[in-house]
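Note that the chains take the letters A, B, C and D in the order they are written out, and that residue 1 is the start of every chain.
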Amino acid sequence: MIFTSDNAAGVAPDILAALARANAGAAASYGADEITRRLQARFAEIFEREVLVHPVATGTAANALAIATLTPPYGAVFCHAEAHVNVDECGAPEMFSGGAKLIALHGAHGKIAADTLAAALANYRAGDVHQVQPACLTLTQSTEAGTVYTLDEIAALGAAAKARGLGFHMDGARFANALVSLGCTPAEMTWKAGVDVLSFGATKNGAMAAEAVVFFDPALAADFEFRRKRAGHLFSKMRFLSAQLDAYLDGGLWLKLARHANTMAARLASGLRGVEGAVISAPVEANEIFVRLPQATIKRLRAAGAAFHPWPGAGDGADGHTVRLVTSFATSEAEVDGFLAVARGG
Amino acid sequence: MIFTSDNAAGVAPDILAALARANAGAAASYGADEITRRLQARFAEIFEREVLVHPVATGTAANALAIATLTPPYGAVFCHAEAHVNVDECGAPEMFSGGAKLIALHGAHGKIAADTLAAALANYRAGDVHQVQPACLTLTQSTEAGTVYTLDEIAALGAAAKARGLGFHMDGARFANALVSLGCTPAEMTWKAGVDVLSFGATKNGAMAAEAVVFFDPALAADFEFRRKRAGHLFSKMRFLSAQLDAYLDGGLWLKLARHANTMAARLASGLRGVEGAVISAPVEANEIFVRLPQATIKRLRAAGAAFHPWPGAGDGADGHTVRLVTSFATSEAEVDGFLAVARGG
Amino acid sequence: MIFTSDNAAGVAPDILAALARANAGAAASYGADEITRRLQARFAEIFEREVLVHPVATGTAANALAIATLTPPYGAVFCHAEAHVNVDECGAPEMFSGGAKLIALHGAHGKIAADTLAAALANYRAGDVHQVQPACLTLTQSTEAGTVYTLDEIAALGAAAKARGLGFHMDGARFANALVSLGCTPAEMTWKAGVDVLSFGATKNGAMAAEAVVFFDPALAADFEFRRKRAGHLFSKMRFLSAQLDAYLDGGLWLKLARHANTMAARLASGLRGVEGAVISAPVEANEIFVRLPQATIKRLRAAGAAFHPWPGAGDGADGHTVRLVTSFATSEAEVDGFLAVARGG
Amino acid sequence: MIFTSDNAAGVAPDILAALARANAGAAASYGADEITRRLQARFAEIFEREVLVHPVATGTAANALAIATLTPPYGAVFCHAEAHVNVDECGAPEMFSGGAKLIALHGAHGKIAADTLAAALANYRAGDVHQVQPACLTLTQSTEAGTVYTLDEIAALGAAAKARGLGFHMDGARFANALVSLGCTPAEMTWKAGVDVLSFGATKNGAMAAEAVVFFDPALAADFEFRRKRAGHLFSKMRFLSAQLDAYLDGGLWLKLARHANTMAARLASGLRGVEGAVISAPVEANEIFVRLPQATIKRLRAAGAAFHPWPGAGDGADGHTVRLVTSFATSEAEVDGFLAVARGG
């Protein structure tokens, strides 16, 4: 009953098998190999247009490198106050950008409203040297609150961003979970809504350590490759990063894995609605649940071996607090049902 | 007949198998797992003392992070002019340190002489705010010229560094190759000779993507962990980095792999001495050979399918130039002998 | 009727005269001159203890350099949301610190409450590598809202900061204005309340371009001097910076100038209370007034030649908006009274 | 008999008088004042074309900001090994550029030969992500060895730089001294020879603290203004920086001051040729002399009150060493002759 993180899961068997296959013989290093080359076509097909794809190993690297291509050191990067880039990356975007400033915007359920972005932008005078200059917007899809931006919401934010000349980055650490939740195409959720650069996550959804930075505007990738190398994120044996992504996309594996995770979250959320004292904080639209539970319930669950993280939330106190429950491709129905049985009570 | 790089090789079978084993079940993320914990003891045993070990995925990350812990932004980092950190990492040490300055020292066969370091240090006045301040020394072992510093050479450099309060970093991208070449212990080649932080390489010698930053002085590691996370080099599914290192060290695999690579290089060097017009540039002490070959020989080798990189060298010209030949754990005797047969001609 | 900024004023005559005096003959450069040496004793006397004093030419330099000595690149710097360092320095603290993160705290009238700081600090887990680490607190005295922290308020903030090991910086761009407002000693307003480093402003109060960074803890100054040089803020002809500060402090000139500016602000505020439709936003405790005026009044004032900046405020709209009025050592009673006469209407 | 530095001199009387004049009344801050506006036309006239001019207070700031506009963080900046930016600015270019790499080139008498630059550039493969990328060339005119590049030399270097797409910066800390030495126009010595950005020095030649960054290509200045503010180098009371530059240029004062300094250096050099054991290291073409003197002579000079700095040079040893003698606008014939009398020997 492990619900601490989708990082707690291992590697999907098909992806592990692909690593073994990729190990046959010698290969050109630093991305000049066949598998990496093949990735470009795979992503072009999935996104229905030419793209530039660069694999990296961590989500923090993908985000920080992508953002650094979109902002000068004196730029302002607009994000949600709870965004991973803002609170969980130890200042990586600031480091990679040479000290750009993240502007934290507030909004319910982990989402920025287009009006909120527009209002924040109105505080910045173009060309005023005393102020950092609006440079980019970064959204997380699915969000840190387990919700999913609708296509209209993304498009409205994209329009607000473009109106001021901002670049638009999407942190897709849980891109697949959002995609199957919306039931739309990858193109619709990204470049058709204005996204310029995507951190395409695979690690949380079954890869070992593989993300792709996807550029929809090739010009923006101009300095990305130097930044990646300079940050120590260019792998010598790149084929093993690329093989993960290749297998991840092959035959729709990524969607299958994400669908399973989301289904497990929905099952868990559904069951929690019948648990006395449980209050779910935000709509469960992907594979994360934030739920306030009575202390006694939490204690009982931990005693039964359930693992999960406390998460600061509204209404936390002596009689109950909020916890985060994350499902993954590896979560079983038995785990969910076991958890619910203990939660319901005994 | 692939002699382009030890990066062209894949993963040693035992290490690949370890990845599969590590995939069983869930595990705590970000290094709180069992395999990562076990690494500390493994390294302590190998280095005959307590150490702090932090896995990362690339050599550039290991070097840049280690160096950044040893220098303020206004520090001077002394290295060989041909050092990987100086010419092959696109400025990673500068980025990670916030703009420290690499001071390139010259010396035959990729080695810095202790006298050269001392003379360079004499140019810096302690406390003179106009100058960057000497902060650390970084050596590559084995060197970029395929040679190996002797224990006495390392100790003399360490003494010169310590005399000015410098930190001492070793770039051990090919640590195992140097170790089996010298036939000494890991302790002798590092902390007993004054090394404070080691980039312990495994990728070039059979891992998929795994290096360890080893701190002999725990105080120096104080801010390393924040810097690693901030640079996007903390892996969520860390167990898979650690499993590579664990298998690499298990049962002396690392030494066996390095010994094989060195043996192949020696065999190749030996054979080259009989090739007409071939001039080996530097003593072959590890798994790299730099050899000037006649153009006709080079042409014949390429036609036969041999792969290797040209490498700028003394005496290059119309009638011949220098190439680099790198052997690895995966190089076979047949490859070596085949190469030599073509080189010898006809 | 210039109320745009205390920067619009020129140089106090005594300070200009001191520059001419300082010009006699040759002098050692980069701060080794007599006048600079003398400054140390002057500041020691004023602050009733040994201090380390380093002149720079701008407030942004003073703040950014001071903050950079108090935080690692992965540090969190707590400040008011409206703080100059946060909104008016184009990211200077981020640049000088190598990408530290400013955490914007809210509070009425430009002030942070100690509870607000404590609550913010509670969000950070010491040693959690995913988060930037609390490193320092910076307060502006007098504040950007024209108010002044009381000694108790500073001490409470200092205590909250020290409880988490934070360094404590004070941006004293209008230090003298706050000091004469409180009627306390410089020691009471700084180190006795926990301040570690002070940006001691003189430019806004009659100097040409001179600020002093004052270290109460000499250990904190360890790397300041290198950072200053590296940032291009070490003056070759330093005597001319030091001469400004020397004359500024001589015979209490600084207090006299600040007292005048504050008196003019009080006179202006007092008169504004009789202006129809005028609403002063915050207590007028130093030399800045933020006042909402009817549009007709603003129009009339501008027509009469009064100069001032609009300043976004609560209740701004079609019928009126907020403006900032700043007085200085050079503001005359006639200017104030003339402004009021026009504002009142007639 | 002060020959330590042109920084030891004070301010030329006309410039001091201009500061007093500039102090009349209020003025717009941050460069929106009349004197600053006037500067643009002054420089346009002097350089015979439209330019963008931005005053700063120190040469280090001018250089580091100019270079940072010409290079990405992963850029290579080519300079002479002895260049001020390379050895006397504590890493300022590295800080301002976000970690670009200075590539030190060697050449006699402080000069880089065009062939040397071309050879160095040949080591860099465009687009090779492992290498920093050639971004700009920076020359010092007059050089750190007291010599002056000829127009042909500058043009040849400019051509070599442009052939690889490099930006071209000139560190003109002693621009006027070089100009009167060559007897050419400012246009000839800069943009007509390919210079894109100039650090136009005034401080060493009679200003208090004033330099101008002059952009010949307006597009290059695009982000300069943000970088200047962010580095704390935008002065609030800018009129006092601008007034120095205005007076410096007025009526050819700058050329008069430089001519005097050069004349004094020539007189000193001429006299030194008659001093037994004196060996001048480099052609004396501006206002600096590097001369090896017998120890006894040095001792005698110091005893007589002459001030100058030792400077490491070829042939230094027990019987003599090299010293640097710098003349300025304030050096008198009497000082020179007095120095020579003592040197010749008593």
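Everything that follows uses one rule, which is that a contact is a pair of C-beta atoms (placed from the backbone, for glycine too) under 8 Å apart; a residue touches a chain by one contact, two chains touch by 3 or more.
This is a predicted model, so every value here is computed, not measured.
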item	value
Required steps from chain B to chain D (each step between touching chains, minimum)	1
Taking each chain's C-alpha mean as its centre, the one farthest from chain D	A
Pair with more cross-chain C-beta pairs in contact, given A-D and A-B	A-B
Distance between chain centroids, defined by C-alpha means - chain A, chain B (Å)	34
Centre-of-Cα separation between chain D and chain A, whole angstrom	51
Chain A, residues touching no fewer than two other chains	30, 73-74, 89-91, 95, 98, 129-130, 226, 229-230, 234
Chain C contact footprint on chain D (complex, rising order)	2, 4-5, 7-11, 16, 19-20, 22-30, 56-65, 89-92, 95-96, 203-204, 208-209, 226, 229-237, 239-241, 330
Chain B - residues contacting chain D, complex	73-74, 87-91, 94-95, 97-102, 104, 123, 129-132, 312
Footprint of chain B on chain C - complex, ascending	30, 72-74, 98, 129-130, 133, 223, 225-230, 234
